[in-house]
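Here you go, one structure.
Order as written gives the chain letters A, B and C; numbering starts at 1 within each chain.
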Amino acid sequence: MAELLQQVVIGLASGSIYGLLALALVLIHRATGVINFAQGEMAMFSAYIAWQLVQWGIPYWLAFAGTLVVSFAGGVAIQRVVIRPVESAPVLTVVIVTLGLLLIFNGLATWLWSGEVRTFPANRPFPTRTFEIGGVVINVQDIGIILVTLGLVGALWAFFQFTKAGLALRAAALYPDSSRLVGIRVGWMLAVGWGLAAALGAVSGMFTAAAFPPLEPTMMQAVLIYAFAAAVLGGIDSPGGAVVGGLALGVFLNLVGTYADDLQDLGFPIDLEGLRLPVAFVFILAVLLVRPQGLFGRAAVRRV
Amino acid sequence: MRHGWLGLRIAGVVAFVVLIAILPNFLSDFRASEFARVGIFFIALTGLQILTGYTGQISLGNGAFMAIGGYVSAILILGRPGLEASQLEAPSWLPVGDGMKDIWTIPIAALVAGVFGFFVGLPALRLRGLYLALVTFALAVSIPLILREPETLTGGTNGLNLFGTTEDRLTGAIDNSVHIPVLDKDLTFNDWTYYLAWSIGLLGLAVAWALLRGRPGRAFRAVRDSEVAATSSGVSLASYKTLAFAISAAYAGAAGALLTIVSTIVTPGSFPVFLSIQLLIGVVIAGLGSLVGLFLGALFIYYLPVGIQELAEVGSLPDGLQDAAKSPGMPSVIYGVVLILVMFVLPRGAASFLSKVSFPLTKRL
Amino acid sequence: MQALHGISLSVDDGEMVAVLGPNGAGKTTTLRAVSGTVWRRGEVLFDGKRLPRSAERTAKLGIGHVPEGRGTFSELTVLENLRLGAYTRRNGVGDDLDRVFGFFPWMRDRRDQSAGTLSGGEQQMLALARALMGRPRLLLMDEPSLGLAPLIVREIFAIVRRLNEEEKLSVLVVEQNAAVALESSNRAYLLEAGQVALEGPSEELARNEDVRRSYLGY
């Protein structure tokens, strides 16, 4: 039982990472109707920026905040410069553009920081020691990740619910034409959406570097797939769903990995441990087949 | 089709075929092998065009079908003796013989991949647009990992090496000389791969053209343009959608088999996610629904990464860019930037530009 | 596709002007051209100054547009809709809310209700209230009577008329319901096939033979 709880906590921590990236994906999809295939690479690039800031002697949490600001600005710039020109182009064109961004960020990270293994200093962002409650061993880092994630999600929710800008953002995403009539500059609102998403992705990237060192250009590729799975599970337009989906997926995948050996002993033919990615894939597929709108999404009526 | 146009079109096709046939005479051996790979891309693109350009189903996973074709071909070429020689083993229930000539594995690889594609097409029925893109993307990421697992069959991370095979199965790979009895000519291995790839490519193109002209083609386009209209006019959506998946997978499987034969080795790394992305890029560059554009699409996706590197070696870039272009990661960046710029200028691909200059081989709706 | 073929109209300070005409005459396009929602060739002068070509900046200058089909933010609450109406305003939003609640008392009680669950008439009132929250100097209304019961239509026009008379709010209203539009307005234009066919004081148009036969039903 203790073992189970331990694995659940670990799963919640990795689930937080997936949930943050999934939230970023959902934000952009809600705002601009686009699936940003480059979200993972952008997050990875942000993590490298954080690392670089720390290398330059900036204290970790200051670097963390600085990275958020830079990532936010980057997201805004990308929407204005790269996405806006193809706003009215066919869906596939926009997909290709985000794939182009994927290649650019991947290449830039390799070019700027190639070669050696890079890690953040020890005990950053959170101490990696463990403590024990009633026989259950828990890592402080995991708790830190979970709490910061919940805090961020809460802050974001409050922003959307209670502030004028948040309200304007919601309106601009849902009803761009009517929003213009009340004076909302819809284009910039969408850009802010991309900025927020980039900042969330940055947190996901920085936590990934902490939880699954070392820092390397390919580190967010699997996380992106898991984030897709989480977003689909929660409902591609539901921010809350994305977070819940991420947490659930994290726990699920971790349990699968932990008990894969036991499953094999019971006669299950394949070793699932190395197959977490394909498992996530099958998972996405299953959810889309059974309930295409996800747990919290609204069903779109399709009459054919 | 008006008669004037018809004459021009036939002339264009003939010119194209002749060009393909005589090109190796003007190319170095190395370039011939490059063009063979362009041909391999061309085959995979033709299949994807049918799926994405004609029925409108976005697939970011056709690299996975190539992988299946590639592995099937390798396993068949090696046969049980070959597998044993590499300390591998095929399960007894698999119809693996004692080793097959490489050319004959191509249609089989296509068939197996096609069946696979059919089964992917079934759940795809319920997915549309970006969801389908997501799922196929996940497929592309997963397949290299899945292929690592049954190590005794696939050779795990090391893959399958064909070099140990006897001469009569691997055409020309070992002595670099292929004798063509009909023409009484000797070809180098690279020239032979060029002709093999492009013969299949042209054959595939002809088949696609015939398909798309006929009833399946009209049905495909009906599916893409309006599902409501298609169903109400009696077109069975489901069967055509899965058929399109199967066909595109078959083409990809043939391409994958060819790639294995040409490289004489296949590993999980032969079919990375990037490959699937490249295929989709190729179709969009070509222009959705255009068969003529596919040639340009294949050239683009093959040569852009290669070209950046080659330009850097040759030194014809301005100084600042020179060093940058050679360093790891830069080619990727340049590729991405070029891609985005091309999308800005030609959001509908080369076809929109081409159709003002010439015309597509099939009648475009 | 060009909907208007050279029109010219004006609204004087404190006037209420109606634009009538059959479907497809270009009435909605006229309003959209003013608010900057569609591309236009030619100039729109507001207070003697040219209006910008973007809807957002036009709204900021004091032009409130109540679009065809209401355009309410259905997933947001009544209060959120109203607050968004005051988006361009910096202070005094609280007073504006009170004013609006004065015109539509029911909104105060149901402010947390989702706008999408309101009836057609209530949504039209909400759309109007939202535009008023911006303290506009010119109100553009597009087919407010569409799909509404006659009683509600009268109520809405009565409120608009009141605003026009008491606060000198200039109004340009596009309407298919010629009767109620001519009753409430000072002047009117008749648009047909993208051009102005007739214009003049509303009472005159109401007495005009052709207008009566085609648009007033008698």
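Remarks
To be clear about the criterion, a residue touches a chain if its C-beta (ideal position, glycine included) is under 8 Å from a C-beta of that chain, and two chains touch if they have at least 3 such contacts.
A quick note: this is a predicted structure, and the numbers were derived from the prediction, not measured.
Centroid distances from chain A, each centroid being the mean of CA atoms, peak for C. The most central chain, judged by C-alpha centres against the centre of all protein C-alpha atoms, is A.
Centroids of chain B and chain C (each the mean of its C-alpha atoms) stand 58 Å apart. Taking each chain's centre as the average of its CA atoms, chain A and chain B sit 32 Å apart. The geometric centre of chain A is 44 Å away from that of chain C, both derived from CA atoms. Shown for chain A are the residues that touch two or more other chains, of which there are none.
Touching two or more other chains at once is no residue of chain B. By the touch criterion stated above, chain B contacts chain A in their complex at residues 52, 58, 123, 126-127, 129-131, 133-135, 137-139, 141-142, 145-146, 148-149, 227-228, 231, 237, 273, 277, 280-281, 284, 288, 324, 327-337, 339-340, 343-344, 347-348.
Chain C makes touch with chain A in their complex at residues 35, 37, 54-57, 59-60, 64-65, 67, 71-73, 75-76, 80, 83-85, 87-88, 130-131, 134. Put simply, chain A touches chain B in their complex at residues 35, 37, 82, 85-86, 89-93, 95-97, 99-104, 106-112, 114, 217, 221-222, 225, 228-229, 232, 236, 270-271, 274-275, 277-278, 280-281, 284-285, 288-289, 292, 303-304.
Contact residues of chain A toward chain C in the complex are 164, 167-168, 170-171, 174-175, 177-186.
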